[in-house]
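In the part that follows, the structures are each spelled out as structure tokens.
In the two complexes below, chain A is the common chain; its partner is chain B in one and chain C in the other.
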Partner chain A sequence: MGVDPNAAFARHWKKTHGQKVTIRQSHGGSGKQARAVIDGLEADVVTLALAYDIDALAEHGQLVPRDWQSKLPDRSSPYTSTIVFLVRKGNPKAIRDWGDLMKTGVLVVTPNPKTSGGARWNYLAAWAWALRKPGGSEASAEQFVRKLYANVPVLDSGARGSSTTFAQNGIGDVLLAWENEARLLVEQVGRDRLEIVIPSLSILAEPPVAVVTRNVERHGTGEVARAYLEYLYSEEAQRLVAKHFYRPRLESVARGLGRRFPPVQLVTVDEVFGGWQRAQRAHFADGGTFDRIYRPGGE
Partner chain B sequence: MGSQGRTRRGAVVTDPERRETLARTPSPVAWLLVAIAASFLGLFLVLPLVAVFAQALAKGLGPALAAIADDETLSAIRLTLMTVAIAVPLNVGFGLAASWAIAKFEFCGKSFLVSLIDLPFSVSPVVAGLVFVLLFGARGLLGPALADQGLQVVFAVPGIVLATTFVTFPLVARELIPLMQAQGNEEEEAAITLGASGWQTFRRVTLPKIRWGLLYGVILCAARAMGEFGAVSVVSGHVRGETNTMPLHVEILYDGYDFVGAFAVASLLALTALATLGAKSWIEARGPRRSVA
Partner chain C sequence: MSQAVSIEEAPLADAERMPAAVGPGRARARRRLLPGFRMTLGITLLYLGFMVLLPLSALALKASTMSGNVFWGTAASARALASYRLSFGASFAAAAVNAVFGLIVAWVLVRYRFPGKRLFDALIDLPFALPTAVAGIALTFLYSPRGWIGAILAKAGIEIAFTPVGVMVALTFIGLPFVVRTVQPVLEDLDREVEEAAACLGATGLQTFRRVIFPTVLPAVATGFALAFARALGEYGSVVFISGNMPMRTEIAPLLIVTRLEQYDYAGATAIAVVLLVSSFALLLLINGLQAWGARAERAEARS
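Presenting the complex of A and B:
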């Protein structure tokens, strides 16, 4: 196909090491995949939606070292994305920014942050916007997010489920989605039916990658596993991830693609929420803010 | 849990008579009932089936066949067939042993055993899958010990076979128990009185009597084993080209927006279901006459 980073890495490895490498893939929601690796899925590398899920691998079963995030550049995320809005063609509900999502009569589609990693980015992006706007406070942010989730008719368990609900089943006025997922959906469903709205502020989504140390030790695949992840930072791979609508880390690649990725004011989980562990405890753990603000079926 | 009313053979024998009575009195009520049943079947069975094939062939036969010839799809088909090839014989062995014991002997705890056989039907497949993860997972009861021996059960082929065997467990036994109970023991007793060994009695007397029921159970078991989604999804690990069965592969293709591929594989599953139906009616039409004669 020429756009598959796995095939490209296999060629690269063949050229540099003379070995044929076969990459077997298992895809699924971030939390679910982490759980499977903890329960014994023999993955050599994981590429998940958020650092919290790789922390879980360190915590339960010592599958990765605790300092896994410092093993690779850019906090171990070779590409980034952000949260954008996907609306129906012509933007009939005039949705321009986060504030428009809490208006009455706007139906918002986003997955359940209790089960979906992607959904947590959506939630935190909304919270960060409300917090950072003039006069914003923790209380006003909570109030905003409460109103937003009152406009959510159904919480799917994963990001892909929400995409299907919105694009295939035609439910809702706006889908909160990762930029790459939104762009892919526009390509799949058609420019004549959907369009993307970029909010004034969003969150820098940094999907992390890691070598599952315990498994590669057993398989003797440490070298190729590490090389695979390092390859993701190479110019060739960065061009490929950009083709899949992820924002590349490499300046030289990003610069040439300016028009493809419009500039957005971005905040990070670390600077607004003090890292994933704290965000998780405060917002998504049982009894956290999300449990407090969300009533199934809306209010 | 008796044999009355549960034997399929009985129903088949009375069927033609009933059809005759209906045919003689075509009242408006009968027409209404037929119309309701037909439209229900059309809406819930025929239409979805047509939709599956229509989606698969939406871009023509070529892309549908190409999707099936894909490496990952072929591997899913191979894995599914292999799972069926292991799970069905296991369940035939088990079903024969269990129904033989239950139909021919009296022992304490028999009714408990009968309800135990039904357990896989009453347990949700997700729970069935999770049980195997809890038992054989890396942090499970037996998992670490087996992993030390280099044996990977969950997220590998053995786990998929185990989960499939578990959920299809009752199908053969459920088919044979009422049949054997209805047939009684006289012929076996006669054979043994005439000096036949246990094995000879089973092979020469019992097996010919139950073979149609057994075949029916095997077909049901194979169909269910092919189509099982829930339990297998939990223990599979979804590694493409390795631990993906056909139903799981359909979901993966669908999630990847590959609708032609998803429905092409779904069509294969639907075709096996249709083949099962065909085989079932063939057996029902042919079986009783043979075994009665």
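Presenting the complex of A and C:
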């Protein structure tokens, strides 16, 4: 009750416009959803895990304008998250920071960044830490992620799979997860079994939203679609997203929740990697750094 | 197409062999027993064309947009080759396991009466009904090194989950109903008198099985095997949970397709799909061919 932003928006729209809106949703992995929209799913708005997937909507089918990210505040991402560590209660392997993940004997669970858009943030966070470390370079960062992924026993295809592997099946010492997912998992599984470790530096995960221009033009739903996304920036909605453990953008809401979201040094994909297109090409495309880690005889 | 024709011909062949059972005269029996050959063949072609050939042509069309080099670069990369090995190997092994145990299960269900038989019978179809992801999660839960079965096996140094064996376990699970359900009706139709005759003629139980029962059910077992194999090859949902998806080791071919799609590399995804499709089609043809050959050989033996 009262934690669903869609219901809240419907109420808001009824009050301001006197119209009833029905919000129909389709959920799935970020890339899968983007492909569904490219292939003709008549979505008016998309809320995805990474800007790369909305770029794909612009590139394959001109469904959104190329400058979609500048259409809404904060690079079109109304709320953020970051990558944190989830460890077993008492932190038996003493995992405090990224460096501890490459120790021998530490098993790290994280999804496959090739199949999970959300998991690309995990990889980039690790890379960013190694790069920003004193004396860090591209080469040392590659070395670090190579060692880190050598400690990964299972590459699940998505974040939900990894959570299951770690929490239900008891595999691994540390799960790399979005902060909101990690918080949710702790609530579900229990504080007596899992705890969260915040690393010294992490990445600002910015899940983006966009109006699918081509579809709303056909449906005549442009106004309400835009209002829906703008509503996500409102104080009411920001409080709701915080309840779902996303970090709100709105300063006034964030300030009141200081304890809920511990401060962490955050870097952005744009700063460190020059945006998603370049990050994707360098790291996750065919023959990119991630493939090199697993190239036969590449170790 | 060949199937539509053979359906038409089957009653004729029977009619020829047993003219008396069919009707008064041979001339009448030669006429088609049921009208509508043209219409049913037409419907068959239309249906197959629309449901099977059309999507497959779309696939081929997409693949044809790639140059040969790019196609082979994707379809024959070291990682793709490793994934074919795993996919074909595990599917084959799973289908083989199902062929053996499916036959036994079908035998028990047809030949014996025992309490709870109906329940048992209904259980067989569950792998069809269960969402495959649920199956994958449940199997991983059991077989992971911390799971109920996995923990015991781990002590013996055996790993199931996150190894190719785990992939095989999942594929065996989803393929079980195929063999059971194809063999069951054949066993039900099997005339017990034939077995009794064999026994009367002095055949041992094993001989009866080997020379009488097995040849009769073999085509059904082969069909079930082929179905289970084909189904396993395309399976994604259950396998990705238990396989661990490690590149070069436990990555199945359908996962590589998804990987390609995540990069919006539709053509690359189709390249791998085309390889899977062409090779499974060739294998299915081969299995069908072997079956036909076996049936012919048997008929020849029966005549001589």
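Assume the second predicted complex is superposed on the first by the 294 of 299 C-alpha atoms of A that agree within 3 Å, B and C clash if a C-alpha of one lies under 4 Å from a C-alpha of the other, contacts with A are read in each partner's own complex, and residues count from 1 in each chain.
Simple rule for what comes next: contacts are C-beta pairs under 8 Å (C-beta built on N, C-alpha and C of every residue); 3 or more make two chains touch, one makes a residue touch a chain.
Model, not experiment: these values are computed from the prediction.
Once the two complexes are overlaid on the shared chain, A:T115 sits against chain C while remaining clear of chain B. Contacts of A:K93 after superposition: neither chain B nor chain C is touched.
Applying the stated contact rule after C-alpha superposition, one finds that A:K71 touches neither chain B nor chain C. In the superposed model, A:K243 makes contact with neither chain B nor chain C. By the document's definition of touching, neither partner reaches A:R146: not chain B, not chain C. Contacts of A:N169 after superposition: chain C is touched, whereas chain B is not reached. Considering which of chain B and chain C touches more of chain A, the answer is C. In the superposed model, A:H60 makes contact with both chain B and chain C.
Of the two partner chains placed around the shared chain by superposition, chain B is the only one that A:Q188 touches, whereas chain C remains out of contact. Looking at chain A, you'll find residues 38, 60 touch chain B in one structure and chain C in the other. Residues 24-28, 36, 38-42, 60-61, 160, 184, 188 of chain A touch chain B in their complex. Interface residues of chain C, counted against chain A in their complex, comprise 78-79, 82, 137, 140-141, 144-147, 161-162, 240-241, 244-248, 255, 258-259, 261-265, 268.
Residues 133, 136-140, 143, 147, 152, 154-156, 237-243, 252, 255, 257 of chain B are the ones that touch chain A when the two sit in their complex.
Every residue of chain A that touches chain C in the complex is listed here, in rising order: 31-32, 35, 38, 56, 59-60, 112, 114-117, 153-157, 161, 164-165, 168-171, 280, 284-286, 291, 294-296.
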